[in-house]
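Each remark here refers to the structure printed beneath this line.
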Amino acid sequence: MDKPLLEVRGLTKSFGALLASDSVDLDVREGETHAVIGPNGAGKTTLIAQLAGNLRPDRGRVRFAGEDVTALSAPARSHRGFARSFQITSVYSEFTALENVMLAVQAHAGHSFRFWRPARGETALRSPARAILEEVGLGARSDVLAANLAHGEQRALEIATALATRPRLMLLDEPVAGMGAEETRRMIEFLSTLKGRKTIILVEHDMDAVFSLADRISVLVYGRIIATGTPEEIRANAEVRRAYLGEEVQT
Amino acid sequence: MNIILVLEQTLNGLQLGVMLFLMAAGLTLVFGIMNLVNLAHGSLYMVGAYLATYFYQLTGSFVLGVLLGLAGTLVVGIVVELVALRTLYERGHLDQVLATFGLILFFNELMAIVWGRAAIYTTLPAYLSGHVELFAGLRYPLYRLVIIAVGLAVAGLLWFVVARTRLGMLIRAGASNRAMVAALGVNIRLLYTLVFGFGAALAGLAGLMSGPIHVVQPGMGELILIDVLVVIVIGGIGSIRGALAGALIVGMVDTLGRAFLKPMLATVISPVAADTAGPALASMLIYLLMAAVLAVRPAGLFPARG
Amino acid sequence: MNRRTAILLAGFLLLAAVPSIAALLGQPFYVDLLRRVMIFAIAALSLNLILGYGGMVSFGHAAYLGVGAYAVGVLAHYGVHDGYLQWALAIAASALVALVIGAVSIRTSGIYFIMITLAFTQMLYYLGISIEEFGGDDGMRLEVKSQFPGLIDLNNGNAFYYLVLAILVLVALLGHRLVNSRFGMVIRAARSNEARTRAIGFSPYPYRLAAFVIAGAVCGLAGALLVNHTAYLTPEFMNWTRSGELMFMVILGGMATTAGPVLGALALLLVEDVLSGWTQHWQIILGPLLVLSVLFFRRGLAGLLFGKDE
């Protein structure tokens, strides 16, 4: 039963003359936390966008739990068990934190062609949403407008919204981007509670987060995956050091 | 339905297409570069027609009327840009639509106050009126041929400017990436004003050329504006090539449809029914075409941004 | 009772008192004016659903005023005066037209959507002009108002006024429930952040289309009311400048509020009425006024009246 949950084969995407994804192959096992790292402009967000269904690849296949999902739209993938958080915070600014999460719950709680009953009062939506907000540490802030949350809280809200759809696979695009040291520590702590429960693909620049959370790491440079392996293997990989880690590791 | 009639209507379609192109080019340029939806573009068309007619009557010279009318429209366009539109570049499309809608009301009423609401008819000077014998049996109005020639010349000029000059390069760059052009240190404000003025001049040209054929009256701009919007949607917003293709297609379909749909229908259904259905269907033709194009290509035929 | 409810209630009572006040002042004209305002308020409320809450800049909403009016007018032209039938057809026809136009338009977005909805409205306008049977661009009179035997006589100005008021209140209440229901939340979410909405599993298209149809149907009802109010109909009902006016009512009044469109209708129509009393060239004043209001006054009247808590 070692078939990967997510199989990516030959994913290729060009924007005019720019080759953003160059025949990317990737396998992610169920329950694994798989980090994708690489220099700026390597094509990480483009890769996430193709996996989430926001962007159509020019060539290549994405298989999820054995099913070919390459042609599926983002909403359809969400219903297959994908969830995505965005690199640039993308919450509903004019709704409260609770309403933000309730909407995600609503998307997966039966149909939404209901025209009469006020949605905000539905316990079936409120309870799960509250529970998730508690889990990410936003319980006390649930009635605050998302626009008025601090940056770190908004990032946490992103994660909460992703969790609310009860995904099997989470695509997290730089979850700790722009966060201070303490907030980053708390987010890493929270994400580690998800390890094993959820399959996570984590795009990150913050090496603390990467090395403490990742089971395996793939390194993306100019749209190509140049290496995949455990954190130790990647640290030791000469090509990786040359291409990416070389500038950052002080040893 | 004989061959002469078909050829004549085809030329009419070409003439309409060329006029639509002049309007569409200005509108699509302004949208592509400044991301501004300017519904008052039709008002500039109207201003061109009124000013040219006025100067023609004042000076007695058609040519002088054209030149002064063109210059006048250019000035009006630049003034409008400086006074009313500058603040709208940053706003969303909804604000732009509403604000330029207000401008339409203003200009229509201004024309009515200065020149009255009645339609004004212009007579052409002798050297422009009359017909030309194109070949056996086909006599076509000289003035319409002049319009076609002018329109194609402008199209050629536009192509040259956009494809071969530095200004054109900036325009093309601006159409696909506004921020980049600004970052390159180009004087964006000046570029915007120039582009808008140019678009205004094109609209004014279309307006003053149409004056002698159609009537000059308040609200004439809006009638053609809708067709121009259809042209741009079909052709692809922000693209001059799309504006030309869309304009020619719409010009042809509309003209030929209005001319031949009724008789064509009369061969399959009763003449009485065709009498109602024909014109009704003909008036809807370009919209159905637009819907059909959008079904296959939601961004139009030649969208500017790949 | 909070401030907002109190103000709304006061507004309703004021509207309800108009016929009596008008009778006292000997000015039946006010009943006419306010009835017209309320009919447009209903149309503006319907537009608010898709524009204010849904973020869909539909520049063709007046089309449904026309469809509703023509449904009534055409039936009356052929001798069918049954109000129930006429108004049911007005609503159904508008819903159908909205379905067709929406199905094509909603696949696009942004500037394309604006232009396409505008184009389709003009198509209907030209269609109306080209059908000589129904008066072409002169339009036709409604000789006999919609008949509701035993229920109400629309020739009675006050009775008609109260009917319109009742419909306005009903539409406002139902609309309020709608935008807070699950369906309404999806519409509002799709406007707020479309990428986020797709990411959590909603495909906005079917919801937007449904909202578009609902808005069209309600506006069709407003059209049926309008033609009975004016006793004539012309393709001008569907003119795009009419659409622009509706949009202004929604924006000026305050988007995504319930009271907003009503206030907007009241403000715009009153301003037009006053200005046209001064000069026949009132549009030259209105035009710049509208431009200025867009540039400087975006919060809307409802924001002014109710403060931030709407």
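In order of appearance the chains are A, B and C, and numbering begins at 1 in each one.
Heads up, the rule we're going with is that a contact is a pair of C-beta atoms (placed from the backbone, for glycine too) under 8 Å apart; a residue touches a chain by one contact, two chains touch by 3 or more.
Quick caveat: nothing in here was measured; it's all calculated off a predicted structure.
Each step here moves to a touching chain, and the least such steps from chain A to chain B number 2. Centroid analysis (C-alpha atoms only) places A farthest from chain B. Highest C-beta contact pair count among chain pairs: B-C.
Distances from each chain's CA mean to the overall CA mean are smallest for chain C. Chain B has its Cα centroid 48 Å from the Cα centroid of chain A. A straight line joining the Cα centres of chain A and chain C is 44 Å long.
Computed centre separation for the pair chain B/chain C is 32 angstrom, with centres defined by C-alpha atoms.
On the chain A side of its complex with chain C, the touching residues are 52, 54, 73-76, 78-79, 83-84, 86, 90-95, 99, 103-104, 106-108, 112-120, 122, 161, 164-165. Touching chain C in their complex are the following residues of chain B: 31, 37, 84, 87-88, 93-95, 97-99, 101-110, 112-113, 222, 226, 229-230, 232-233, 237, 276, 279-280, 283-284, 287, 290-291, 294-295, 298-299.
Of all the residues in chain C, the ones that touch chain B in their complex are 57, 59, 104, 107-108, 110-112, 114-116, 118-120, 122-123, 126-127, 129-133, 240-241, 244, 247-248, 251, 281-284, 286-291, 294-295, 298.
Across the complex, chain A is touched by residues 177-178, 180-186, 189, 192-193, 195-203, 207, 210 of chain C.
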